[in-house]
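In what follows, structures are represented as structure tokens.
Below, subunit A partners subunit B and then partners subunit C, in two separate complexes.
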Partner chain A sequence: MSAARTGPSLTLRTREAIAGWLFVSPILTGFLIFFVGPLIAVFYYSTTEWNLLSQQSRFVGMDNYVDALTANDTFWHVLGNSLVFAAGLVPLNMALALGLALALSKPMRGVVIFRTVFFAPVITSAVAWAIIWTFLLQHESGAVNQALSVVGVDGPNWLHEPNWAMASVIVTRVLKTVGLNMILYIAALQTIPRDYEEAARLEGANGWEIFRRITWPLLAPTTLVIMVITVVGSLKVFDHIYLMTGGGPQNATLVLAFYIYEQGFKFFNTGYASALAVVLFVLILALTILQMLLKAARK
Partner chain B sequence: MNYRLEQKITRICWVVGLAALAIPFVFPFIWMLSGALKGQADVFSSASLIPQTAHWSNFSEVFAYQPFARQYFNSLYIAVLVTGLTLFLSSMAGYALARLRFAGSALVLLLLISALMMPEEVTIIPNFFLMRELGLMNTHMPLILLPLFGSQGVMATFLMRQYFLALPKELEEAGRMDGLTRFGVYFKVALPLSKPALSAVGIITFLFSWNLFLEPLVFVNDIKLFTLPLALANFTDTYGLPLWHLQLAATALAVIPMLIVYILAQRQIVESFALSGVKG
Partner chain C sequence: MIKRLIVATALCGAMGTAASAENLRFTVWTGSQAHLDMLNGIAEGFAETHPDVTVQFDTIPFGDYVQKLTLQLAGGNPPDLGWLLENSAPAFVEAGVLADVGDTLNGTDGYDYGDLSEPAMGLWVKDDAVYGVPFSTSPFIVYYNKSLYDAAGLETPTERAADGSWTWDQLKSDAAALRDADAGVWGYETVDGQGYGARVWHNLIPIIRAHGGDAWTDGTCRLDSEQSVEAVKLFHDMVYADGSAVPPGEQGDFFSGNAALTVAQISRVSKLADVDFDWGIAPLPAGPAGEAATIGQAGVVAFAQGKNKELAAEFLAYMTNKDNVAIMAAFFPPARKSVLESESFLSSNPAVTPEQMEIVAEGIETGSVLPSHERFPQIEAEARPDFDALWSEDADIQATMTKLCKDIQPLL
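Moving on, here comes the complex of A and B:
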């Protein structure tokens, strides 16, 4: 009797399980083939060296890593560049995004136009954006230096001087991406109840105090998410570098993602490039774990 | 009265400040348009934003210089295909992960989440060899498969799952009572209810595919198979004459339709991004 009663419900569960697996299997299969497999393979490749003549690979253990760390300074220089890029881009991007969001989160005439304007580069392809800015930053004839010359400043050769090239790439990248962070901040600001602010105002708090004691703490979870997204985004920057500076001048803008491409597909140092990809993987994994730890610590 | 005047002045200061800040965001587009109409020599020599004579022929020359119409079509059909497939596969998987109980679903979810942040640069080298093994080099298949099954597809699955989790269960149960199969419930009940999530995921996926650069650069070398970003970059580095005016005309042709769509559907597009909080 009881067996008859549990019987159908059991098959119901089994059928649900089968349906579940059928539903996830297309994306899961593709994911295993085109993501998980390659991820495992990149670790293996990083321990090999390729003979381009015989198309054979040879196991070399940790040689590629030892090479990267000790053979010359390029790897450290590249890693440093990536960190400088992130250290320049992330604070600038987030501060500007928060400022814009605070200015544009309240209903006011013209707000939609400004939001549209600041978000437009997000929609524009990075390639188009990089191309236009490459023109604007030309030494003699670029619009930026022509504008500067009006106020009597002799602008530098932005993309061809090591010190300025990195700054130029960072700033143009911020202009391209800041709109997204602005929108995420605006969305978060709109979830903060108005009552908090009004109550604080009644008790005599000024704008800055309200921001420090109410808005900023309530934005903390959003800030954490935006920070991780922005740091990871800055570590994978490729198209901007490829189009604006090609890693130059004198490797001043040679960052990790671009170096992987150059080593792998220009110089065919597959093993070495794979070792670099593993370094990028570890960096991003560490960031993701750090984010999860911070999230857990908040609770 | 005094207070209101003060408020008005503050408001004007805000607007002026924001307008000044908007210059580096707007000016590139204006300059692109002006440069696209200039002659080859004037792009740099003339500082004026208004071209002395408008070279409308630049736009037709773009199509003569490389198969631009075809490249445009490539970008379009790939983005539409990737978007359609992503919406179907990721909503189905997201539905199962949110609604169906099956052993291993937690593990599948964990596996997918762990890939959310991984950039394509990490796996591009093994994928290059994989595509070569599969005979897919110099085809559009990598540009379809990799976004579909890489972190972008995973992100879509995750977003769909989050949305389905919040959907009321009662309607699905009613569907089950009416004798719909699991797939029927997903397709006829859950999907129609999730239009906001589908449009958000669709917009983001379309833009991601449309702007893809590293993958076309690595997997495609036939000029007829180029996608738009690759085509734009292809006006440089031609020895002989630099073709700045053509590059700008092509860039304008690629950017302006997207800007028009963005301005028309501005609210929905911005909301999609706000909803998802995804990478740019």
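Moving on, here comes the complex of A and C:
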């Protein structure tokens, strides 16, 4: 009996497993080097007092966490700002995305153009978007307040009044990112069989009842995904804050991701910044798990 | 076989040459082609005595400069040389990341260390060690739109400076008179239009010093003093009482012709090359405490972790010798007394008249450098929300400045 006829000694299953690992190995290697490695490093650095500039480092255990959670009022203020940002952005973004998706998921003239218009900001440079909105939101000469003045409203100094700055950043961020959620909702809506709606109509259901009883429940998996990525994205917001307000006025828009950047790269408190990054990681992880559990409980 | 030997020998020769060549990496924040051409010209001059040395200038955008430089240092990929601003200098000196170049400077023939202005060297010298040499010691000056002044029939700041009536009150009054909302012309634009944010210190310190106040002296905050508060009130009135300053949340741009006055350094003259209005330069206005020229400074430093420390120090010495400082003076007012006092300095920039350059020279001689501190980034962060609180019509300025001092005093 020849070797060719008996075949290789490895089973098909093993050979497929090896091929599979070989195929994923490039991305797996990158994941380990650029994600898992730094993640472990950040946990370690968070237990040190490390000055990035002088490179002097010493182990301090949990001191950075204790300092952030008990000795530093700024941390709680910043954490509150991050939660306010998320609480403002997530419902607004999701409601607008769903509304746009419902309006633009039906066949009609020019629908592709409308979808493109609402999706375009997603692929627009964040820098350009922030700069343009900074101009539009100028106090006297900005287009927003000039438009408001036409209907007799004296608009505020949006980015320079503590009461308005956060709302301004949230709304401009929603307008920048809503297109992505809209596309996800449109894709999900297109998977719902038309038969369900037709059957419901034959039973006498109106539009609101069809949405509540059929569309919304069938969108639930997509809604969960959208909620998770929007919550995570809003807690990690950095670019809009950096470009539009720099954390001001009076720290009104100083959110956690921006605060971590300042501590690490402006004040060189890299150990403390690492501890804050771990807190942000744990917060995002907890919120994500919570959303998953709530979803599972509803089933 | 012989052919292989020849190729191998040639390769070894080439590798030998490559191994002896040195490359110095120099980080700068300018992207201006004129600046880079000038720097490359200096590097070519250095190559005359160091034929195997090349100098590569890496541009890092100004806004990210310190962060990216710090990451390069922390990441074990330090540049050999770099530029550094006055407000970063103390922290870098304190952290021990700068090389002491004192011996090289003093050991270089014809360097004439004593020619460097002693006050200008203040930030760069510590305990007999020399951690850098300022290449730009540039006072803030007033730019004004002469066309607008002439149209309004007002005496110009240059004329007022000559007769001694150029004061902050006068600037305020001029700015209010020249403000023309219908034509989209503002009165006074703060430094680079950033006087309520990134450049709030640059905006307020010249006014505060002209009133006899200061940021801090001998570790004590003075921003809550009567003089400092009076100065801030003057500027606050410009914003909210008479509308003579571009307020927060608005964009004015002197260099586009839609603001009558601004404060900047001489390097901004490059933005006036193609403007369609006449302009002029005047010293900073005087206040109740007299004239108070204020200087922004940047130095050339060599990094202690650099791979070619000795060579880097030699290039630093070459770059800041009398000849090269005279070349750089076209853009960057020097710290060398001999260059500063020379006729060639006054005519070094063709866009600036010798009389106008005289204003710069006087500012360097009499001025004081912007506040700096080894914990300046932390001070800046603590002060930011307090400064923000100034920018509302009904702000309690005394209370805000008192809180500002209370917040930053522990860091001083």
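Going forward, the second predicted complex is superposed on the first by the 261 of 299 C-alpha atoms of A that agree within 3 Å, B and C clash if a C-alpha of one lies under 4 Å from a C-alpha of the other, contacts with A are read in each partner's own complex, and residues count from 1 in each chain.
What we mean here is this: a contact is a pair of C-beta atoms (placed from the backbone, for glycine too) under 8 Å apart; a residue touches a chain by one contact, two chains touch by 3 or more.
It should be emphasised that the depicted structure is a prediction, and the values quoted were computed from it without experimental measurement.
J.: Touching A:265 in the superposition: subunit B (first), subunit C (second), both, neither?
T.: both
J.: For A:114, using the defined touch cut-off, is the partner it touches subunit B, subunit C, both, or neither? Pick first, second, both or neither.
T.: first
J.: Could you say whether A:27 touches subunit B, subunit C, both of them, or neither, answering first, second, both or neither?
T.: Only subunit B is touched by A:27; subunit C is not.
J.: Touch check for A:183: first (subunit B), second (subunit C), both, or neither?
T.: It touches subunit B, and subunit C stays clear.
J.: Considering only the touch criterion stated at the top, classify A:13 as touching first (subunit B), second (subunit C), both, or neither.
T.: After superposing on A, A:13 lies in contact with subunit B but is clear of subunit C.
J.: Per the contact definition in the header, classify A:249: touching subunit B only (first), subunit C only (second), both, or neither.
T.: Touch partner of A:249: subunit C, not subunit B.
J.: Should A:55 be classified as contacting the first partner (subunit B), the second (subunit C), both, or neither?
T.: Second partner only, subunit C.
J.: Which partner does A:141 reach: the first (subunit B), the second (subunit C), both, or neither?
T.: In the superposition, A:141 touches subunit B and subunit C alike.
J.: Between subunit B and subunit C, pick out the one touching the greater number of residues of subunit A.
T.: For subunit A, the partner with the higher number of touched residues is B.
J.: Hey, what residues of subunit A end up touching subunit B and subunit C alike?
T.: 135, 138, 140-142, 265, 270
J.: Give every residue of subunit C touching subunit A within the complex, in rising order.
T.: 66-67, 70-71, 73-74, 91-92, 94-97, 184, 196-198, 247-251, 377-378, 381, 384-385, 388-389, 391-392
J.: Taking the complex as given, what residues does subunit A use to touch subunit B?
T.: Contacts found on subunit A: 13, 15-21, 23-24, 26-28, 30-31, 33-39, 41-42, 45, 100, 103-104, 108, 110, 112, 114-129, 131-133, 135-136, 138, 140-143, 146, 175-177, 179-180, 183-184, 186-187, 225-226, 228-229, 232-233, 235-236, 238-239, 242-243, 257, 260-261, 264-265, 270, 273-274, 277-278, 280-281, 284, 287-288.
J.: In their complex, what parts of subunit A are in touch with subunit C?
T.: It comes out as residues 51-55, 135, 137-142, 157-162, 246-251, 262, 265-268, 270.
J.: Mind pulling up the subunit B residues that touch subunit A in the complex?
T.: Of all residues in subunit B, those touching subunit A are 11, 14-15, 18, 21-22, 24-29, 31-32, 35, 43-45, 47, 89-90, 92-93, 95-97, 100-105, 108, 111-112, 114-115, 117-130, 145-146, 148-151, 153-154, 157, 182-183, 186, 207, 210-211, 213-214, 217-218, 228-229, 232-233, 244, 247-248, 251, 254-255, 258-259, 262-263, 266, 269-270, 273-275, 277-280.
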